[in-house]
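Shared between the two complexes below is chain A, which has chain B as its partner in the first and chain C in the second.
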Partner chain A sequence: MNDEDVLTGHQQELRRGTVVMAALATLRTPGYGYGLLSVLEKSGMSVDANTLYPLLRRLEKQELLAAEWDTSDSRPRKMYRTSEEGLKLLAALEAEWNSLAASLSALRSAHPHEPLKELS
Partner chain B sequence: MSTLTHRYITAVGRAVPESQRQDVEAEVAAAIEDLTQARLESGSDPQAAEQEVLVELGDPMRLAAGYANKPLHLIGPDHFPAYVRLLKVLASTVLPVVTCAVILGQIISGAEAGEVAVTALATLWQVALMMAFWVTVVFAAIERTPGSKAMSPQWNPSMLPDPPTGGVRLGDTLASVTMSLIGAAYIVWQNFRSPFTDAAGEPIPTLAPELWPLWIPLMLAGLLASAVVEVLRYRAGGWSWGFVAANAAADLVFAVPLIWLAATNTLLDPRFLGNLVDLGWIDAGLHLNVTIIVITVGVLAWELIDSARKVRGDTAARNLGHAGR
Partner chain C sequence: MNDEDVLTGHQQELRRGTVVMAALATLRTPGYGYGLLSVLEKSGMSVDANTLYPLLRRLEKQELLAAEWDTSDSRPRKMYRTSEEGLKLLAALEAEWNSLAASLSALRSAHPHEPLKELS
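Up next, the complex of A and B:
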């Protein structure tokens, strides 16, 4: 396996859970599936369409997103909005994310010449 | 809506549960519409745009699994260990028991030795296939049962298998060499000593004398070769794949002629069998041939599996020995 594959594999694993956060955060403003796809792509968190659409449905089932068919346009589209539950979950995930980031940066900044007692 | 898109939507709908079908189909249709529209706006021609969108969404079965939250594997990590363990247990218990029962049944109903051997092998194969098939079906069903994760048995340390005892075992080697030498000695001895004598007072050998020019020396060579392999293995400090291969070759040189001759009823001297029949053992030939085949196949299978199994442990023990020095 070359370095490229290793990097891509680990990146994918790291990004997997962040899509939910990105979707819940973006859809605080109501939007369509395709709109979300474009917003995420522009913001540098590009997600595959075949991952995002099924994810939206699962989040709707878990009542983290509220959804309804918008028939005002010439063709019907499903309109999503982050629910109260979704906002709570987003806050919890963000707290988790921040605490992970804090722990990681504490580990990174630990003085390398003073090995942790537990490691030796 | 073009036929291609229509077919795609139908394919996705078919792969989700009926209760969600209408909803999912509508969502997929809207998604395709949006994605296509975006491509048309950036200047693709309609056909190419549709093609690209369907390729981007990918295999409809995979997409449907995403929508319906269904697994894309037959048996997942929750149940796989239990699945493998159950297969191993069945293969080492049910399989031999059923096969032995079939052999017994055949002997009782008076089948020929060769026929018994063929039936036993066919049964072994069929039972193995059936077992693997049904265990797989049951586990695939469990995998798809909601809440089945809680059903998977909790692992605890007492379920650990015994560690392979690596390294050379003098007892194993002595037993194996002794068996080979006794076998070889018996093949020679039976030619001169026998409970039965013919009209001229000469002893009637157990094995047919016609086998001497070719078959008996071949079997003797096989027995002696496996004794030699055994001694070399002991000196080398246990099994390696080379010894497994050499041992298998030596075993086969002995076992294949033996099984073949027994199956064709040419192994035992007909006069010897005649004497046994006269003593009241009507089916002596059949019983002896089948016993020889079953024991030979069993010992052969055990030898091959056991030696292959021990390679890892012995190699580890050898490396450990080197490291310790």
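Up next, the complex of A and C:
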């Protein structure tokens, strides 16, 4: 594994948990999967369609998103919106995020960079 | 899966990526795995030993942490410190974290809560 792969792996791990927050926050305004994809892209949080669509189905199954079929067009499309349960989860995840941010910031200032001392 | 499990699952996913940042930031000051465990606990980011120790070995293998055996005690202990590569990754992950925070905040304000309109 080269350095680039290591970086990418850790970045993806960091990003993974935030996609759920982004989807729940964005779909407080009802929208389609395709629209969400482009909204995330524009916001700088680009997510692959092959990651996003299964995630939306998972969140729907967990009743965090409500879905309705929009049949007004020739091709029926699923419209999602964040459910009441989803809003609660979003609030909980935002609280967790803020707590993690505070912990990281405290750890950073309490543990400055210090070269390893020679062990006796 | 009940609501509690759903919440826990999503919280863990959110937390997972941040443990690497916390370890790299904290071990800028050299320390033992056990010490890191209690530092994380005190900072509000408690991590299971069965998660942390394999992570430390993975980070060492990726040369993000440097390790030395401290044999001054009767029981040899491994002392870790964040390597130059690890410092670079930490900076990259912190930049990613800040970018995700900005995106989430922008998505949140651009997409207010709005009940689903009746589809025609």
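The rule is short, and it goes like this: the second predicted complex is superposed on the first by the 111 of 120 C-alpha atoms of A that agree within 3 Å, B and C clash if a C-alpha of one lies under 4 Å from a C-alpha of the other, contacts with A are read in each partner's own complex, and residues count from 1 in each chain.
Keep this in mind: a residue touches a chain if its C-beta (ideal position, glycine included) is under 8 Å from a C-beta of that chain, and two chains touch if they have at least 3 such contacts.
What you see is a predicted model, and the numbers here were worked out from it, not measured in a lab.
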Where does A:54 make contact in the superposed view: on chain B (first), on chain C (second), on both, or on neither? first
Superposition-derived comparison: chain B or chain C, residues of chain A touched: C
In the superposed arrangement, which partner chain does A:39 touch: chain B (first), chain C (second), both, or neither? second
Going by the contact rule set out above, which residues of chain B touch chain A in the complex? 24, 26-28, 30-31, 33-35, 38, 56-58, 62-63, 66-67, 69
Note which residues of chain A are touching chain B in the complex, please. 32-34, 38, 48-51, 53-55, 57-58, 69, 75-78
Note which residues of chain C are touching chain A in the complex, please. 1, 3, 6-7, 10-11, 13-18, 20-22, 25-30, 39-40, 43-45, 62, 64, 66, 68, 70-72, 79, 81-82, 85, 87, 89, 92-93, 96-97, 99-104, 106-108, 110-117, 119-120
